[in-house]
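Going in written order, the chains are labelled A, B, C and D, and every chain counts its residues from 1.
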Amino acid sequence: MRMGILTGGGDCPGLNAVIRAAAKTLLSRGIEVYGFKDGYRGVIEKQWAPLDRAAVSGLLHRGGTILGSNNRDNPFNYPAHTADGAITYCDASATLLENLRSLELECTIAIGGDGTLSIAQNLCSRGAHLVGVPKTIDNDLAATDQTFGFVTAVATATDALDKLHTTAESHHRVMILEVMGRYAGWIALWSGIAGGADVILIPEIPWSIARVAEKIHARQQEGKLFSIIVVAEGASAPGGGQVVRERIAGSGDPLRLGGIGEVVRRLVEQETGIEARITVLGHVQRGGTPLVTDRILATRFGVAAAELALEGRFGHMVALRGTQVITVPLTEATSRPSKVSADGQLVHAARAVGISFGD
Amino acid sequence: MRMGILTGGGDCPGLNAVIRAAAKTLLSRGIEVYGFKDGYRGVIEKQWAPLDRAAVSGLLHRGGTILGSNNRDNPFNYPAHTADGAITYCDASATLLENLRSLELECTIAIGGDGTLSIAQNLCSRGAHLVGVPKTIDNDLAATDQTFGFVTAVATATDALDKLHTTAESHHRVMILEVMGRYAGWIALWSGIAGGADVILIPEIPWSIARVAEKIHARQQEGKLFSIIVVAEGASAPGGGQVVRERIAGSGDPLRLGGIGEVVRRLVEQETGIEARITVLGHVQRGGTPLVTDRILATRFGVAAAELALEGRFGHMVALRGTQVITVPLTEATSRPSKVSADGQLVHAARAVGISFGD
Amino acid sequence: MRMGILTGGGDCPGLNAVIRAAAKTLLSRGIEVYGFKDGYRGVIEKQWAPLDRAAVSGLLHRGGTILGSNNRDNPFNYPAHTADGAITYCDASATLLENLRSLELECTIAIGGDGTLSIAQNLCSRGAHLVGVPKTIDNDLAATDQTFGFVTAVATATDALDKLHTTAESHHRVMILEVMGRYAGWIALWSGIAGGADVILIPEIPWSIARVAEKIHARQQEGKLFSIIVVAEGASAPGGGQVVRERIAGSGDPLRLGGIGEVVRRLVEQETGIEARITVLGHVQRGGTPLVTDRILATRFGVAAAELALEGRFGHMVALRGTQVITVPLTEATSRPSKVSADGQLVHAARAVGISFGD
Amino acid sequence: MRMGILTGGGDCPGLNAVIRAAAKTLLSRGIEVYGFKDGYRGVIEKQWAPLDRAAVSGLLHRGGTILGSNNRDNPFNYPAHTADGAITYCDASATLLENLRSLELECTIAIGGDGTLSIAQNLCSRGAHLVGVPKTIDNDLAATDQTFGFVTAVATATDALDKLHTTAESHHRVMILEVMGRYAGWIALWSGIAGGADVILIPEIPWSIARVAEKIHARQQEGKLFSIIVVAEGASAPGGGQVVRERIAGSGDPLRLGGIGEVVRRLVEQETGIEARITVLGHVQRGGTPLVTDRILATRFGVAAAELALEGRFGHMVALRGTQVITVPLTEATSRPSKVSADGQLVHAARAVGISFGD
């Protein structure tokens, strides 16, 4: 029997650990395992290779994905080159389904975010055999309590905060850290609590620069001449950006300023007169060796997904609920995004230790 | 109003983060906070000091406990020096209760393991006002899904495994890592999965050196000339140690050999003829900066315990259930130890990726 | 006898380790030690406090400086507030010298960069007693083979490169890391070699985007669809920025784009059509726990400076030459900046392993 | 033209980085590169394989050696199996020389310690073409100021000391860390200074338990109820072990106790009555990702050795002198071991900050 594995969407620490665990589980049952290159693209373009024990050995602690990934691999809207070199998009799903059949794969494990998993669900509805492993660096998927890679990203951001602390403290400055989180502020919230931030700005809680400045001033009253702000990339400036544009006189489009972090930096300097500096972590948060909890979660997900495949429970994916790995339909992956609740325990705990959300 | 905080039992990364979060929560409500030195000993010996904002600032990432701890602070069996310098044990609980009253503490937060918490429970039954925060580096408390410090200890062990991997691989050796876990094998299990161990030996699963050697030989058949073994300190040698003593000719008491790690090392060399080396991590596992998840859990526990105290819910402690911090009676802390289940998901996942438990 | 210590200029890992080592050395000889707050400002404003054993205990591994630092503490051009709240600059050196005398300090140890040390030299020429410890995160001081903090900053940048590698590799992108180095490219050069960068852009070697694109294309020919670029903040864009402004059509002043990293990112995308992402580390590089070699160098510098002070060798500073700590006149600190040599061994080694400097 | 590379002796972080740099340098000059398996054994047993760009890609940060190593690869005393299965030792050097000739290698780069390099020197005197790269985790080679891997090992030991600090401090204990260093105490000395140890015991400075206890007691007088001791594995017990045997009543051979760390632990408990705990790092010190300085030194050594080979300077090896990589005859590798000087700057600095050497 043969089964396949593919990884889709953005990078995430632990992808390799999932691949390894799934492949080892399948290989030990005598299944032949194939890896597809760059997500669904590999199925469409027939770029695949067997994954044997040697291929998945030593992967546990390696960041990235040996299978590669790609953001333009949607089989239902697949890029093709026309005769004159332009790109047009077409439906390549029939090719994909045909290639899966010709490879005689009993099942394919799709590891990816809501995009990858909703495609998997769609393919299943057309008769393909897929199971899923949820992946999101932002941890914004309600179907599972946690996703692998998230804690590693939080640790990278927290490490930056730890470093900014000493230098902020010595030099009486405001330090701003821009972290990932376009729609959900989980990375900002977790790293802000773990890194002892003074202010956390996230998409879910509207904020104003006036309240941020208040917090900075309150700290000065206590003799603390520095402050640390974590801002999620999606923590859009107040007033839909309009106010910001006006306040930053003559600066034009704030998007040109290099992201929300730079916007916050300018606003803080304008409002408080204190020198502010910025760090933009970017893709560093997607890389590196997965931390222990992410290695373990990824391993458990990989094993469980392989067993889902073996049991023929197509159209399902694995998830974490409490301390247990469970199974849910693929449809759950996209139906409920997970956002930070302004009334939740984490935000409450953050406020209790003195963190401001700029509200 | 005044409240107190004390830490008891062995060291654990995150203790300071709990102290900080609890104190900050109480201080912001206008409560005076007192810290007791070295657990219950500080209450009995009147060694206490106010904890103000300055005292708890900068504690979040610091290992250890600024309050100190002590293993001989049981008020019901308290060491006293007699006239001739000998030590005798007496009941100092009346003194302790009297001192708590004289300080006019509305409540005291006791952070500690089953010893510290059962004492707290006992004191509550005599009218004292205490609430608890569970602490165990071994994570062996059924009342809570996880305890702070545990993941940090696992990460320290996993880091050692990562390092042993490269050198074992280059030199064709068996590497043995002895980790903490006298009664429960959680640290060995988690670090073994996260660090890609080949064999995990824990108290909960009886093992034999013959099966361990089988695994090492099976790997050699595959061309892998090295193996990594993690052994929990409580993974007692097979046959209650008797067999070991006989096999290690003339070696006498295996305790003299420096722990179970050394026993395993000798047995492996005898059984396989392959050179084996040992690393004993010891208290390194109790130290260091808490990892992000432990900082967050410790912060949440500290805030929640302070709120328990404020609500007057004496005799209760905080716990983690799924993603939520909940409240349970102190009696739960000691009633149910948590052991690794040989049939549980984690052991199952470990076996699926090829890990042997020597059984 | 009394002596003083002050830290000036930007933050740098190891400052606290120097303070600790100098103070311990002096205290053990029975000297009273005073710490000044925020560099020379503390002398002028009479903000000082005794440094006893307790004050310097536990500092070895802490980033930052417990004495604080300040960029506006030049006694020869010192900011003062006029009656109407404006700031004017005046010569406060007489006050500083008078305060040093009134404190009866036998000598003051000034830890800082070329600014702080040239002020120290100037004060010495007016009869003050100072010795120096050179500090520069950029390692751009020819008087000493190495300065503390530099390797820690390089490690922070290298860690980011390690993380970018996995994600670049998985997603076929160009990753750009902007690091510190306004006038000298040492951090970019060291981290680029240590982190396996493909291109290093530094102030000392003129580069063109065409040659950078060539390197990226050459890698694609070899099947490597990703590239990593490290750029020092002072690696000014080719053509004095003019060319860049024109090429980035309609973008106006490139300074508005958020630094050279963003400039390089846009140029790469324009020139190669490959998606490029940027990380800006900023002050994260100045923070954190000093690495072992920096702790040791800082300790050696602190001890040696204390001994310089005890021997009355005012106007001198410590330096590293080979494996030995030596003494040089303070004048050396500023006379010879250290730049990366395009013909030196390091650049040569970098080129040998395939790194391009865009030239 | 063809050249070879081999690694010999114990593991060391940076070996792979040397292999990568040497191979990349040679490959870019059009040289074919061969890697031998397990040191000289690979030459004798004809176990070799071409090293192309793909083979050395991604090696920079990987610990261990992809070529493998072996402690029983001395061609002048090579193990052979007799007909009845016993092992006898013979001179296999003629076979080795013949195999080198038949492969038509212009030169072979031998990376290893004094054993590996003195064999290389010996083979050169018989007409073979070899150049050397010095490797010793202990840094005990006078021919070079520093060797790669050493700082990484020191960092591993320092990390353990940092962790032991917090727990020792909280619990009033003596913590003992046993580190590598059979003949030279460099790792103990560097990590002891960097990790803030209170006592450092090394082979070069005779010590007594009485002076160690004095230091511990002096700290107690200052209110510091904990102490940290680093002991090099070769810091033989005072009195050639005899005294120790007698003092540890009835314990028999101290070798049975598990090394010098355990001996020190027992002596400390006997002498001071304070609870002492031990950590034995073992081979963890040889593993892991090389730190930045080791990656850079290894890269420079690899490039320089490749150039030595290209220049035909057989019988020479690379070395670090100050900031420059230089060339010295292979004979220097073994002629002068490097020991810690009791009068040197490092020991002096250590004493200045209050560290005791037990003397």
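One rule holds for everything that comes next: a contact is a pair of C-beta atoms (placed from the backbone, for glycine too) under 8 Å apart; a residue touches a chain by one contact, two chains touch by 3 or more.
Every value quoted in this text rests on a predicted model; they were computed, and no experiment measured them.
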**Study point:** Most widely separated chain from chain A, with each centre as the mean of CA atoms
**Key:** D
Practice item. Quick one: report the Å distance separating chain C from chain D, using the average Cα coordinate of each chain. Key: 32
Review point. What are the residue numbers in chain C that touch two or more other chains?
Key: 162
Practice item. Counting only chain pairs that touch, give me the topology of the graph as line, ring, star, complete or other. Key: ring
Check your understanding: Pairwise, which chains touch?
Key -> A-B, A-C, B-D, C-D
Revision key, fill the gap. Counting only contacts in the complex, chain A reaches chain C at residues 10-11, 13, 15, 62-65, 68-71, 156, 159-160, 162-173, 175, 251-252, 256-259, 262, 277-288
Practice item. Would you mind writing out the residues of chain A in touch with chain B in their complex? Key: 20-21, 24-25, 28, 53, 60-61, 145, 151, 154-155, 158, 162, 190-191, 193-196, 222, 291-293, 295-296, 299-300, 302-304, 306-307, 321-325, 345-346, 348-349, 352-354
